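Below are structures written as structure tokens.
Note that chain A is present in both complexes that follow, paired respectively with chain B and with chain C.
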Partner chain A sequence: MSDLSLHTGRSGPLTRLSDWLWRNPRMLILLLLTPPALWLGIIYLGSLFALLAQSFFSIDEFSGLIVYEFTLKTYGELFTPANFDIIVRTVVMAAAVTVAAALISFPIAYYAARYAKGKWKAVFYLGVMLPLWSSYLVKVYSWKLILAKEGILNWLFEILHMKWLLEAYLAIPVIGGNSLSVSWTGTFLVFLYVWLPFMVLPIQASLERVPTSMLEASGDLGANPGQSFRYVLLPLALPGVIAGSIFTFSLTLGDYIIPQIVGSSRRFIGQAVYSYQGTAGNIPLAAAFAVVPIVIMGVYLWVAKRKGAFDAL
Partner chain B sequence: MHSDRASLGLKIAAGAGLAFMHLPLLLIFIYAFTTEDKSYQWPPPGLTLKWFSVTWSRPDVWEALSLSVRVAAISTAIALVLGTLCAAAVSRTKFFGREAVSLMVILPIALPGIITGISLRSAFNLADIPFSFWTIVLGHATFCVVVVYNNAVARFRRTSGSLIEASMDLGADSFQTFRHVILPNIATALLAGGMLAFALSFDEVIVTTFTAGQQQTLPIWMLEELVRPRQRPVTNVVAMVVVLVTFLPILGAYYLTRGTDTVAGQGK
Partner chain C sequence: MTSAVQFTGVSRHFGSVRAVDAVDIDIAEGEFFAMLGPSGSGKTTCLRLIAGFEQPTGGDIAIFGQSAKGVPPYKRHVNTVFQDYALFPHLNVRDNVAYGLMIAGRPKAERHRAAEEALELVALPGYGTRKPSELSGGQRQRVALARALINQPKVLLLDEPLGALDLKLREQMQEELKALQRKLGITFVFVTHDQGEALSMADRVAVFNEGKIVQVGRPEDIYYRPEVPFVADFVGSSNVLPPEVTEKLTGKRCHAALRPEALRISESGHVATVRATSFIGTATRVSLVMDDTPMVALIPKGQEIPAVGAQVNLSWQDEDLHLMEARS
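== the complex of A and B ==
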């Protein structure tokens, strides 16, 4: 290479640097990676580990100051009834949102993957993309409008003369409440709405890869549509469902804004983290709480990887 | 199930699903014109354009908007550089730790935003860094890298390595090859990634609440209104404008990457 550059009359430090990089591809990789690795390594991983380290400290109950000594006491506090309730509640909510999102997404994804052609393909694609990328807060806000006492949902129940049905539903303990906007049902609806597009895309991606001939073969061999779905389509689409569930589950676990705006006063993990680090100033407990979604997601991702979900991302 | 026509049940379920995703957004558009300013009354008692001019003359909305745009622009620029470098390294060769690099890029978006947020905040506290424009940018650029990275990696994978070799064989050095061969090939992918990164940063609220201090980006302004509604009509108008503004980069990114096997934006 250097011989050639002599012949063609190329010289100058830039050319020499370029030739040197060409001969040393490892150095090129190193140079390419250094800036992003420094940025993400120092700013992101650095602060993440600093936070996690703080979960092994504890807070002095009298002075309210952080005691910088290694202890597992803060993790123990996670298992007091009040805190453990928060964790269970959040995980149940995340699971419910994930299941509902999968049920609603499947027909959309299936239609888009198998039947939508040409223009309709684009309509379905953008139809999922636009809500996915629309402002998170605007989406939450739209539900505040819908669920408000004077809002459209109550109005609909009223003109359909179904007000009694809504009231009977709200009278159910746990999922009901004074009105939809301060009930868990409200929180659930908003979570479902906001994370739904994250479920549709991976399911659609995995369904696109199911050859039509497989379903035809299943039918030819005597399976009815239900059986084809149960024994052929669903197993092949499962990686996509799991990939989507990673998003819906993880996003629900960490959110603190939705339950604060639409929901009851009973808190979720995100709200607990937020209030412990803020007004309470109990960074160690906030950090320990933050570890909970990380651990849950770690286990979840490990299982998902074994099921082959990452090929569908 | 094996016919070429969808069953009626499937059509209804798919249509209803799409409607569920879009009707709430449409509702925002109607509320922007309502004459009611004390409650979220439905149906609107009347329609008016008054709130658009009221919003137009609000300095706090303009300041928040300007901060959001500046933060998004700088964060996108940083993410473009870092994301492209990472993608170039990962897609060109297999090297030790390649998986770790892609994991590190994806992590800020895979973990809940609140974790990124309080990590950064406690790190700023430990290092005695006061909140400023740059603390917001620091957070935003970190999670924007992944969007650019995803788009660039997909394009690098489709760009044949022999193009680069041919350019070098014809006497171009690495920089000329980058300028005249690689850049034109990946330009649309970078543009699409940049647009999505901009949209992501422009809309971000969870990390921003931890890194902004007293400053107000547009999402933070909206969050305040959501928690304590004081000026509902102005919020309605801002919400509608935000929806319209975020649609533009998404449509743009879609048309730029259409026809390639990976379309932009799938991995938000």
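== the complex of A and C ==
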């Protein structure tokens, strides 16, 4: 009995391992972190730097072979009118999708964070996540059918005798087209639908962290609901909005499938990368294109930080 | 003189829960009014009704004679110090304090001057550029107070503002709050579950239990002359004698209150058995049983402490036995 006064008497190889790790907490952290760190460092960052390195090479126009010499020539090619158009088009689309997603997500997320309890919270999570459970391609092709000239949306406009409205809209240059499924509006709608959960969830998470008393205090000090939103709720939820916008913005910047299935024939960055690295065999230009979203996101986050978007973190 | 805050039969029911049930209150202008009660007794809901965060389901609330029905919080000349302080984490101390003035559209220079004055009032001059997260609990409490005072409210509501502070700081803030209230002459409505706090600070105390006010009065009245057993027990930690015991002692059949410090262990008196003793610093708390009624006596330092299980004699002055004839 006396020798068991301190030790409970449990033993075995796993217990001994636990004991050893308990005495050496640093080893535990090392063991836990090494595999993911290797994964991140070698496979993820490594390939990213390999890509970056490729962008500083160029292609020999005559032979079509890659010249392994440092040059900024490939980056220069990005600024030819055709390529620069692709960049501008993609950035405008990504920005539009992000803004629209934030506008739609905020009320949903606010409701979920503030009012939904128990069963309704489950309904909210299910409603937001359910679209993520089905294949991305299935969703995009479904949208193509919905937006097509023979699709349900057209049919709906027709039976409501509002076809003229849709036609007037499609007649607008740039955003219109023959039908919604071959217009940029169609591309925009599908992007918005597919990325929306990635905006709703971070905003909801950030709103959950804003205590009700914060809004009450604002109202108590004379702020009407609009002012409370502007000066308290939005600044406090901003990290969530920024997190969501990182998802929607970068996912739109890099996607090459949606604009290929729904939209006009004019290309986005993702499609450019896809075609340059594939059939065209111009890896350096594909790499240079791939660097554009990274630079844009870097600048975006830097500006957001400068503007104090993360002060509430 | 019109009342600062007047409740007429005010109720706030949440479904079948009667958080506040037919409450009448009359708070005079310039008064330091405490609402005291255990958690869930409805005191905080009453405060939220005054602030406008909750709407009554029955009755009417008047603030300076004007009905508050349908008036949103941001239109009331009432400001609140929140239990969790609710300081805005993304703003520095100065912008927190000046928030009300910023909302009112005052120019920046005026805002900064007023904020600095308010910070001086709560003994935090020069803290304007710090973030709330850099302050201690007591300092945050002062910032919350300065922020609530900057709009020069007619009524200041304080929701357990000292609850999160340690004992020493709490006692210091009690004195400061009271001095501040005297200086500014604003009506203070103070919610607390700490009877000592309510008694030491307030001009009048309303004791809440289960959504109703069971007694309103000056602290001395509440403490020495409880009207119902609940007040005797909750506020004074008094011994409450059931009607049968009181009848044996006095011939009157009603509840009676007997303060622990009024009890003495002496040569003769009423027989009681000692159950437990505990040292509490300034005195020793002795739990006894007299006539099947649990009792507590406080024995001052220096007197002999009876052993557990001993038979002792309890005595007290006749005037210390307070009969609760009115409402029992």
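Just a few scattered comments:
One rule holds in what follows: the second predicted complex is superposed on the first by the 252 of 313 C-alpha atoms of A that agree within 3 Å, B and C clash if a C-alpha of one lies under 4 Å from a C-alpha of the other, contacts with A are read in each partner's own complex, and residues count from 1 in each chain.
The criterion applied here is as follows: a contact is a pair of C-beta atoms (placed from the backbone, for glycine too) under 8 Å apart; a residue touches a chain by one contact, two chains touch by 3 or more.
All of these numbers come straight from a predicted model, not from anything done at the bench.
Judged by the touch definition given at the top, the superposed model places A:84 against neither chain B nor chain C.
In the superposed model, A:26 lies in contact with chain B only, and not with chain C. Once the two complexes are overlaid on the shared chain, A:132 sits against chain B while remaining clear of chain C. Between chain B and chain C, it is B that contacts the larger number of residues in chain A.
Look at A:221: by the touch rule set out above, it reaches chain C but stays clear of chain B.
Shared-chain residue A:235: touches chain C; no touch with chain B. After overlaying the two complexes on the shared chain, residue contacts for A:68 are found with neither chain B nor chain C.
In the superposition on chain A, no contact is made by A:120 with either chain B or chain C. Residues common to the contacts of chain A with chain B and with chain C across the two structures: 216, 218-219. For chain B in complex with chain A, the residues that touch the partner chain are 1-2, 4-6, 10-11, 13-14, 17-18, 20-22, 24-25, 27-28, 31, 39-43, 78, 81-83, 85-86, 88-89, 92-93, 95, 101, 104-105, 107-108, 110-116, 118-123, 126, 138, 141-142, 145, 168, 171, 173-175, 196, 199, 203, 205-206, 219, 222-223, 226-227, 235, 239, 242-243, 246-247, 249-251, 254, 263, 265-268. Taken together, the chain A residues at the contact with chain B in this complex read 4, 8, 10, 14-15, 18-19, 21-22, 25-26, 28-29, 32-33, 35-37, 39-41, 43-48, 50-51, 54, 104-105, 107-108, 110-112, 114-115, 124-146, 148, 150-152, 155, 193, 196-198, 200-201, 205, 212, 215-216, 218-219, 225, 228-229, 233, 246, 250-251, 253-257, 260-261, 270, 273-274, 277, 283, 286-287, 290, 293-294, 297, 313. Here chain A touches chain C in the complex through residues 211, 213-214, 216-224, 227, 231-232, 235-236, 308, 311-312, going by the rule given at the top. Within the complex, the chain C residues that touch chain A are 51-53, 72-74, 78-80, 82-84, 86-90, 99-100, 102-104, 147-148, 151.
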